[in-house]
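Structures given as structure tokens follow.
Each of the two complexes below includes chain A, the first together with chain B, the second together with chain C.
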Partner chain A sequence: MEILVLNGIVNGLIVGGIYALIGMSLTLLYGVLRIVNFAHGEFVIGGSFLAYALFSNLGLAPLFSLPVAALSFFAMGWGAYYLLLPRLQKSDDPEIMSFLMMYGVSIALAAVMLLIFEADSRSIDYSFTPISMKVGPIYVSTARIVAFGIVIVLAAALTWFLFRTLPGKALRATIMNPEAIKIVGVDVVKLSAFAFALASAIAGVTGVLVALVFPAFNPFSGAEYSIIGFIVVVLGGLGNPLGALLAGILYGLAEQLATVFLPQAMAPIVGFGILVAVILIRPTGLMGWRAQR
Partner chain B sequence: MQRRTFLLALAAPVLMVTIGASTASAQADKPIRIGMTVSSAGTFALAAQSGHRGAQIWVDDVNSRGGIAVGGKKRKVELVILDDRSDKQLVPRVYETLIKDEKVDLVFGPFGSTLTAAAANTTETNGTFMVIWSASADSIYKQGYKYIVSATQIAGTLLGQPAVRALHSMGVKKVAFAYVDEPFPAALTQGAIDLAKQLGMQVTMDEKFAKGTKDFNILIQKAKASGAEAFYPTAYEGDQMTIARQIRETNADFKAVYLVYASQPQFLQQSGKDGHYVFSQTLLHEKINWKVTHGLNRAQMVASYNRLFPNAQYPGDFQTILAYGAGVITEEMIKTADSLDAAKLKAAALKLSGKIVTATGEYQIDETGKQYKNEFSIMQTLPNGLEVVYPPAVATAKPVYPVPVFAKR
Partner chain C sequence: MATETPVLELRAVDVAYHGDIRILQGMSMAVRPGKITGVIGPNGAGKSTALRTLYGLLKPVAGDVLVDGEVVTGMPPWRFIERGISLVPQNRSLFNELSVEDNLQLACWSFRRDKARVAEALERAYAQFPILKDRRTQYAGAMSGGQQRFLELGRALALQPRAVLLDEPTAMIAPKLAAEIYEFIHGLPKQGITVLLVDQNVRQCVRVADHVYVLELGRNKIDGSASDFTKDADLRNLIAEWVDYRIDA
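Now for the complex of A and B:
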């Protein structure tokens, strides 16, 4: 049993780290732009398919796909922002309208991936050498260790960016009080485009990590990651990237440890149970703040 | 628009008198008309069309031999195809059209349990004999229907049993089961567990997991910790790819692992070394060659497929051979009954039980029409390719058991 618990903790941290990345990018979008990005899971799976395509066609190892995914998704996000969102912000209820529009985008993206890659599940036939490492008494996949390392670096970099740089502080200020940031002369449109591009880049990178950690994916896998992302966002507190980090890891740990003690089918119930409990006890989420509107 | 006109208009674009009728000479008896629905769109389209090609191969073969003797005269076979659009609401009406308007003599079922269950009520009410080729749900055979026979598709609860028999014959005594919480994997696993217990094997784990589960690490560890020699997780192809990878990553050295879809081309292509030494099952593979008593053998059937469908998007698969085998058995039923009457055909179907081996495998039914044989063959993915390891009648190699530990591969 001790080994199973240890496995649960280690896997919970790793899987939770992936969930946290999804949540962090999603919450950044919501915080800055008030966009409910229902297509975020498709962005993530898009990253997985990018890694798959680069590996299948060019033999590029998934780790080398990371910068490609980051840059290409950043550029796509920047373009998508100007294509889709400025007009949306002028609607009476941007949040609802964004939900509807991004739901449509999610269907469209899944259809595009279906067209290109067909409905079969895909997997990158790539493994690190050695394929797993012995950590104490348990074996942990090398891909997972690498993915977790990247999650830590990305989370630290994002935290440093948000708390130590001027654009990062501007993003946080936008989350806290969008009206005030306009008054002090910040170009909110450009800042929003940057936030959308940054969130897209993180989603793309997360997709590459997803392909390493959960090997099989298909064009319709995105919706599952969107749901996980929303759980993490609500659990951590809407618009709070650090809350999403904490919530992702908590959700991953709960899911994995529940599997140790309960039938695997109960794991989602435990995760949702925690979500409901947090909403009941602390409606703003674990690290939610009450922003001025 | 009247109902009949509406249905004909609906079906008109795909109404195809596929083979046989045009070549029937004026002096020949009228053809035996067999109705069937095929999905032009929707969830079941690919599988239904694959099965349709199998039925066409049989019709081509039987007509090339002059047809089937009924009442002392040879009659050619004509397939009458209508579209069901993968829609279980539409299926009963389309089968009614086949029976009442197209006046078919008997029918082949549509693809899959969902549509077949919807069709069976109509065919039974109209006293029309239905040959099922792809419905595995046990519930269909518990309805008391008199005129249905699953010619080739083995029942869901029996689908997973050949693997258990194979594992038992290798000497496995402890098995851990897991399955995704969906009707097909649940039925397959339950049947496998029942048989394992009957054979005196110890079931060390019986756990279901939710659809959408992405991480199987703990499940694999639990199976290992349960003391299982063999691990038998059942899910769909994508999940099984993940499971195969994670078994390897966690260094979980079971003596045998069985993954139902691991011999599908897509799995083999995507999973690479993860799939090595894994046991699986299939019906159609170049190495599965039953000594047939009736109809074409596997190689001849594949040759017919290539001749008749040179532009098909996909090669023949197990749906193709299921439908082809059902055609061969239908032919024998008609010959034995010497009639197209539903009750006589059912009596003939029962009389033939246990006496036919087609390219699909052995045929054996009970009074309900449920198929007990025609089992999938058990394959093992060796580093140099797939081998048939069970049943002995078609085995091409001995199973590698226990499989080599990961450290020594």
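Now for the complex of A and C:
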């Protein structure tokens, strides 16, 4: 039993790290751009398929796919911003419109992935040597350990960027007071394009990690990650990147520990249970920040 | 007498927030260089809306915005800053969970890579408002209302603007401090800074301004030199009626 619990904790941290990255990028998008990105999960799975394609066609190991995913998704995000956003801004209620628009994008992206990769579940047939490592009394796959290391580096880098650099502070400032950021003379169109590109890049990189950590993915897996992302965003407080980091890890822990104590089929219900509890008890999120609107 | 080209001008603008309710209707306003231009009018007259339009935060549905006589309708706010114009809006415009210094740094965004110039701008704000220097590592949101106002003023002036647009700079500020702020505003033209001052405090506004616009329900009601307003008893009574405030009180 203790071993199982320990297993649950270790895997919860690893999976939670992935959820944290998804949540951080999603909350950044919402905070800075007021975009409810329903297609975020497809962005993530797109990263998984990129790593899959690079490995099966070029033999490129997933670790080398990381920078490729980061750069290509950054560029795609930048382009997508200038394509989609001017249309959104014309609407009377851009927030609701963004939801509908990104829902459409999500369906379109899933369809494109279906066309290219077909509906079968895929996994990357790549293994590290040794294939697993001993962590205390339990064995953890090396791929998961490597992925976790990358998650920590990325989360730390993102936090450093947001809290220690001027462009990062500008992004947070936009979340705090979207009108004031215009008043002090920041070109918000450029800053928003950057935020969209950054969030896309994080999603793409997270997708590569998903391919390392989870057994398989298919063109429809995206929806699941979008939903987990939204739960994490709400748990962490809307537009609160540090909250999302914490919430992602807690959610991962809860999910993995639930599989220890409850039947497998109950695991997703635990996530929603937490969400409902937080909404009822602390609607501003775990960290209790007011929703900065 | 040939009038100088206004630094900023609204020419017969109509402005709407949502849909087609036009909050401003055919409004015109000129900000004369080196002078203090006052704007008064009852609540909801459209004073703030006019200011936001003059700064590119709102785009008129009709009419034009001009900078130095050049039509710039639709230009985004950051370009106004580039052209030496800053705004201190009516609502708090600080980033509460960033430090005082970070708030000032963000105002230097357009030249953020020029470290020397940024340092100089910060020094200027600190010299003008020493309290900001003492509090520079504190969260902006943790300061008192008056101190926050100083930070907003310091932030706007740190960039050495040619013109500042001030929207009710003394609202909700203790009378003693308010008097200091009016003194400060009064001195700005001597530093070569043109001022557009929106105020509910009609008496103070008329006292420091050179030229005053009175707005009502999104339209120009009347405008004239400040001396007209203080001398002309009819005008005074008229304003007292509209604005519910007596200049000679």
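By our rule, the second predicted complex is superposed on the first by the 287 of 293 C-alpha atoms of A that agree within 3 Å, B and C clash if a C-alpha of one lies under 4 Å from a C-alpha of the other, contacts with A are read in each partner's own complex, and residues count from 1 in each chain.
One rule holds in what follows: a contact is a pair of C-beta atoms (placed from the backbone, for glycine too) under 8 Å apart; a residue touches a chain by one contact, two chains touch by 3 or more.
Not measured: the values here are computed from a predicted model.
Peer 1: Could you tell me if A:214 is touching chain B, chain C, both of them or neither one (first, second, both, neither)?
Peer 2: A:214 sits against chain B, while chain C stays out of touch.
Peer 1: Taking the superposition as given, does A:87 touch the first partner, chain B, the second, chain C, both, or neither?
Peer 2: In the superposed model, A:87 contacts neither chain B nor chain C.
Peer 1: With both complexes superposed on chain A, which partner does A:267 reach: first (chain B), second (chain C), both or neither?
Peer 2: First partner only.
Peer 1: Looking at A:182, would you say it contacts chain B, chain C, both, or neither? Reply first, second, both or neither.
Peer 2: second
Peer 1: Have a look at where A:282 lands relative to chain B and chain C in the superposition and call it first, second, both or neither.
Peer 2: Touch partners of A:282: none, neither chain B nor chain C.
Peer 1: For A:170 in the superposed arrangement: first (chain B), second (chain C), both or neither?
Peer 2: A:170 contacts chain C only, not chain B.
Peer 1: Can you tell me which positions in chain A touch chain C when the two form their complex?
Peer 2: Per the stated touch rule, the residues are 92, 166, 169-170, 172-173, 176-177, 179-189.
Peer 1: Which residues of chain C touch chain A in the complex?
Peer 2: Against chain A, the touching part of chain C is residues 18-19, 55, 57, 76-78, 80-82, 86-87, 89, 91-98, 102, 105-107, 109-110, 112, 155, 159.
Peer 1: Provide the residue numbers of chain B that touch chain A in the complex, in ascending order.
Peer 2: Against chain A, chain B makes touches at 178, 181, 207-210, 212-215, 217-219, 221-222, 225, 237-239, 241-242, 245-246, 248-251, 266, 270-274, 406.
Peer 1: Taking the touch rule as given, give the residues of chain A at its contact with chain B in the complex, in rising order.
Peer 2: 3-4, 7-8, 11, 15, 120-123, 125, 127, 131-132, 139, 141-144, 213-218, 221, 224, 255-256, 259-260, 263-265, 267-268
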